[in-house]
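One chain, subunit A, appears in both complexes that follow, with subunit B as partner in the first and subunit C in the second.
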Partner chain A sequence: MSGEEYQKSVLDRVSDLFIELLAKLIDRVRPGWYERNRSKVSEWKLMAYALNRSPPGVIGLILVLAFIFVGIFGPIIAPFSYRYFAIYDAPGSDLAQPGTVVVTKDNRTLYFPLGTDHFGRDLLSLLLQGARTSLVISIITIALGVPFGIILGLVAGYYGGKVDELIMRITDIFLAFPALILAIAFAAVLPERIHEVLQSNAWLRDFFLWLFALDQKDAGILSRPLAVILALIIVWWPGYARIVRGSTLSARENLYVEAARAVGLSNRTIMFKHILPNIIGPVLVYITLDFGGIVLMEAGLSFLGLGAVPPIADWGRIVYDGSQYFPRAWWLIFIPGLVVILSALGWNLLGDALRDILDPKTRRSIEFKLKKRRREE
Partner chain B sequence: MAELKKFLIRRMLTFIPTVIGVTLITFMIAYVIPADPARAWAGGEKASQKAIELIRQRYHMDEPWYAQYWFLVTSLAKGELIDPRTHNPVMYDIMKRFPVTIELALFSFVFILIIGIPLGIISAIKKDSIIDTFVRFFALTGVSTPVFWLGYLLIYVFFVMFRVINIVGKPPDPAVVITGIPIIDALLIGDFKTVNQHVARYWLPGFVLGFMGAGVLARFVRNSFLEALSSDYIEFLKAKGVPKLRLWRHALKNALVPIVTVLGLQFGGLLSGTPITETVFSLPGMGRYAIQSIQNIDFPAIVAVTFLFAIIYVTANLIVDILYAIIDPRVRY
Partner chain C sequence: MTQQPIIKVQNLKKYFPVKGIFFTKGYVKAVDDVSFEIMRGETFGLVGESGCGKTTVARTILRLIKATSGRVFFEGKDVFKLKGDELLWFRRKAQIMFQDPYSSLNPRMTVFEIIMEPVRFHKIEVGDPEDFVVGLLETVGMNRDHLYRFPHEFSGGQRQRIALARILAMKPEFIVLDEPTSALDVSVHAQILNMLRDLQRERGFTYLFISHDLAVVKYMSHRIAVMYLGKIVEIAPSDKLFEEPLHPYTQALLAALPIPDPEYTRKKPKIEIRGEPPSPINPPPGCRFHPRCPHAMKICKEKEPPLTQVEPGRFVACWLYTGRKG
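The block that comes next holds the complex of A and B.
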């Protein structure tokens, strides 16, 4: 099954290139990996072909890559610092319309393509900076919350009995709360506790300041976005525990699990090396969709006044502050809102496409289609 | 029927530990608050030591955690927990706002149903057509749109540009209280003027809150309907030569059963959406109350309102499960 027999589009070639590059990279770290996993690499390529054939999926992927790119480089490419309050240099530059040009007292011209907020901060810069806030919060939430949920779900599903009962009852309790309500409550009460921790841990504080690309002066309010992360983790893990438990329950009846047990592998090896890889597909879809959900909920929380406060740039918070000047300062509401929609939509489109792709049936059909075209020639 | 009874008993039994767990978590929320709330309630920096002591005593703040927990649970259960800000029992304050939230949820439910079900049916019948793609896109946009963005956009259109809605105050209650939900009471006694006022105030927030759910429901109805259409009994009816419309009716009956569960789940989403919707539309409901009490570190109120939200959600899920078991005997495993 060599790649040459397929009729490939430009996108397919691009994705091939990326996957080859990735495979070589892994091979560099773990010599011999490529040789052993040739079939896995061609499987990845097929998945990429399937994605390339779904326009919504490609659009989603582009939006997601844009979100990640802006999240990483946004604070660097922003024309102004998020702490630059133009109002001190140029009176009247607060709540400036999009496209306004302002001349400062010392005769510099400032251009605000998307207008300014009530401190005279450039909205474009705030949005670029806010992307970092959103990206960091969603990545940490997923990186900590999902493994926690997966492990609990695996343990509950694999061992069953009392362990299962206990874990699932706890999960049920967390799921008994409407998600945002629980997140609100925790995001409201946690900041002071986190603040205490940050004050005694200078390196931790500096690490998060660096992560959020914030100025040292904002160390005092850093605990608020961190509280949002914790609150979101508390809200997010139970869903994964429940999904993973369900799939583990059905996966552990498979013969390969029985075989692994007969060979005498430890429970941990069976759970993580044999069951987990077989149930990870749907979980990946959920992770992708939940990235969108987290971006949205984070914006919702900060809109309600929880989480980041000025001068930290945050999409939801910009809308909240702008809503005080509604409808005059429409750009402070509609533009950040649009950015939130595009980010969340990107993840949702990608997740929706992944759901189809990770289904082995559609992948087979792609393989078939590609080969058939070749024969017709 | 014996089976149904067994199922009900088992379902009720899992309900109790969940509620106990919910009280534990809400207590945890209150217990984490580290700032000295007593001083804040007594009037801040200038508060006299005596007033602070009194508050600490009244809320059992100096006792060990289990005593505090017991105090919280018992006073919540008896409805005696006093809000230090308004000096009313917390439950009294919440109950005043409860009908607003329920009415909002009611309106958005109506929107979810009247948009979601027809769209889902059409997109299943016209599978892979433009309408189908549109519904898919609509569902994905729905779950990606922040409530506040849509809210302000529609306020801009309907209030700033056309002035056709009302976004201030709370419409008057009808003269008679029967169910406690104003619009239903007004309908029951035939007070259509009040009904109109309520509709004018609530339809837009209801639509905004239901927007997310409508798309999701449409997708679900579509998939469920398609599945029913490809089942054996429909094949049989097709073979018999039954006309399309009758076919659809048969399939629809079965396809709509699982929707009960989806609606139950959506109810959680609706409750989650209420704080933002009520903030955008300045409706004096429970969600808005939760946000206000957080701004005032008013922990009895935070605890009570979080607890009540959870109880509403858990009860709704319980009702959904029971309904589902009654409609579909297969789930009574």
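The block that comes next holds the complex of A and C.
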């Protein structure tokens, strides 16, 4: 009954394999790591088992992985460029219906599985390209906004007193405005400033063009999605400052923090090595949930005409432009809408499942159940 | 044992403000004018009931919280004025072992990391880190298998051993033991206590042993101080205190100590103290014990008795004795 005491499902075996592979990979880079971190690896496996036992979590994970995969490879696998405008005479309509074959004026026969938009662009390609826009915007927003919020929250919670008051009152000011209104205001004002910066920094422009998988010709309108990113960062950090401050307040009462102080460790070491790793669980859950929130809000801003403008592909923008042809061109509303919903849903389901997985009690109970079932057999 | 103080505490006070809506309503006098000395190599016991300020004394001495006033000398140096390298030296030489081993170890670090962190921070020369940590673990009765495990994989007693190994890694001289066994199973008490005593004998540690368990304090300590409501009421050598307690509070405490002997229990003097300890926010004037004291006199309500030496090595703060000796 040594290694075989678990009653594992197929999914468990898959996740085991994956985690073993990952651990071996780390071991290759840092020899001896696996030996030293056996406990950590078995904890990871338990976390995977916990996820495997939550169907919504698995569905969420699949949706999220699909979103990320499409976000990375979408522009490459797209059948058409987002800048390919098909010119044709469609019988009775200037918008090709889903699944139609169209003969263009330059005598090419093209198949549009999801139809075209009013510019004659393939909707499938636009959605694939739009995934990149959505992914890049949400990742940059999280990558910049969350650390900023975490650091402020840690400092406020750890030092307390006047520092806490100052930071939290500033946070309150940002939280006082409805997030969407604040984001609209910033997204409306920022593009011109950003445009100037991009004009003078060629490498920055090229970097973002590459990131969004855009053509050089679209450099002029690049400032629009970047403004959305900045606006989202501005409205997103205060939430994290709040959560982290609260968790820090309770975590700093732990004796290991006092022990670290008795050793003489600096406040910075205590904050980042002793407090942060112990409060990161809820933060991770929020990050996952917020990915969905950002995808939604970004689509919302674009729908209001504030984000990316054509020809940059953006899910919210496709719906906005398509709304003029509704209900005739229903596919321009329903299909991008469905894609947005599925991505946001994926992140939310995963976030909910993560909440359970990161709770050590759930893990222990799953460990217990797995072992017990084996014993009963 | 050399009669040379390693720690000297003078008039230590720690008041915690009680905040009202707009301004401070008052202070909790957790530690009020406490003075004592601890000799090198001895175990100084500090007893008292819950909330009397024992732990606050320890945390203030180690400069984990700021004292309201008073001074602490560690090997002749004023602890509250230490800076830079000298402060680091103090942090290394004076350590604390906490009551609750379930919260004193960072759950995200392995045993190896927990023990090596202070060593790396203080740049202590140890040779091979793994061998060094295994050596320490063996000293505290654990082994190499435990090296890369996380705290949640251990029992309370084992965690307390890990905490002790972390302290030993820094090669300290003075260790505060803040109720090191009170969170553990009774069966583990003796193991931990004996280990602490053996270590003291081998390495000449000085302990400040805090506990509310009189039997344990008696077993561990050379000298004992009794605290009541933020003040020390009596300091005496361990055996003397148990033979002949002077302060009425100490007498009551010892009388409450259960002794598994029915003959003795029937015969032993019954000293009862009534009521609860008063709130430390508004301690009674005069002697703090007078509302519950069976011997309370007029002077007890008016003037606070000073801690005076009544015999060599015996100090008591009570008008019953202070008056007698002038």
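Basically, the second predicted complex is superposed on the first by the 365 of 377 C-alpha atoms of A that agree within 3 Å, B and C clash if a C-alpha of one lies under 4 Å from a C-alpha of the other, contacts with A are read in each partner's own complex, and residues count from 1 in each chain.
As a convention for this text, contacts are C-beta pairs under 8 Å (C-beta built on N, C-alpha and C of every residue); 3 or more make two chains touch, one makes a residue touch a chain.
Note that the coordinates shown come from a computational prediction; the quantities given were computed from them, not determined experimentally.
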item: Subunit A residues touched - subunit C or subunit B, whichever exceeds; value: B
item: Which of subunit B and subunit C A:215 touches, first, second, both or neither; value: neither
item: First, second, both or neither for A:165, with subunit B first and subunit C second; value: neither
item: Contacts of A:349 with subunit B and subunit C, given as first, second, both or neither; value: first
item: Partner chain in contact with A:261 - subunit B first, subunit C second, else both or neither; value: second
item: Touching partner for A:193 - first (subunit B), second (subunit C), both, neither; value: first
item: Touching partner for A:326 - first (subunit B), second (subunit C), both, neither; value: first
item: First, second, both or neither for A:178, with subunit B first and subunit C second; value: first
item: Touch list for subunit A against partner subunit B, complex; value: 56, 169-170, 172-174, 176-182, 184-186, 188-190, 192-193, 196, 292-293, 296, 299-300, 303-306, 316, 319, 323, 326-327, 330, 333-334, 337-338, 340-341, 344-345, 347-349, 352
item: List of subunit C residues in touch with subunit A within their complex; value: 59, 62, 64, 87-88, 91-92, 95-96, 98, 100, 103-108, 110, 112, 117-118, 121-122, 147-150, 152-153, 163, 166, 170
item: Subunit C contact footprint on subunit A (complex, rising order); value: 35-40, 43, 254-256, 258-265, 269, 274, 277-278, 360
item: Contacting residues of subunit B [partner subunit A, same complex]; value: 14, 17-18, 21-22, 24-26, 29-30, 32-35, 136-137, 140-141, 143-149, 152-153, 155-156, 160, 268-269, 271-273, 275-276, 279-280, 287, 290-291, 294-295, 302, 306, 309-310, 313-314
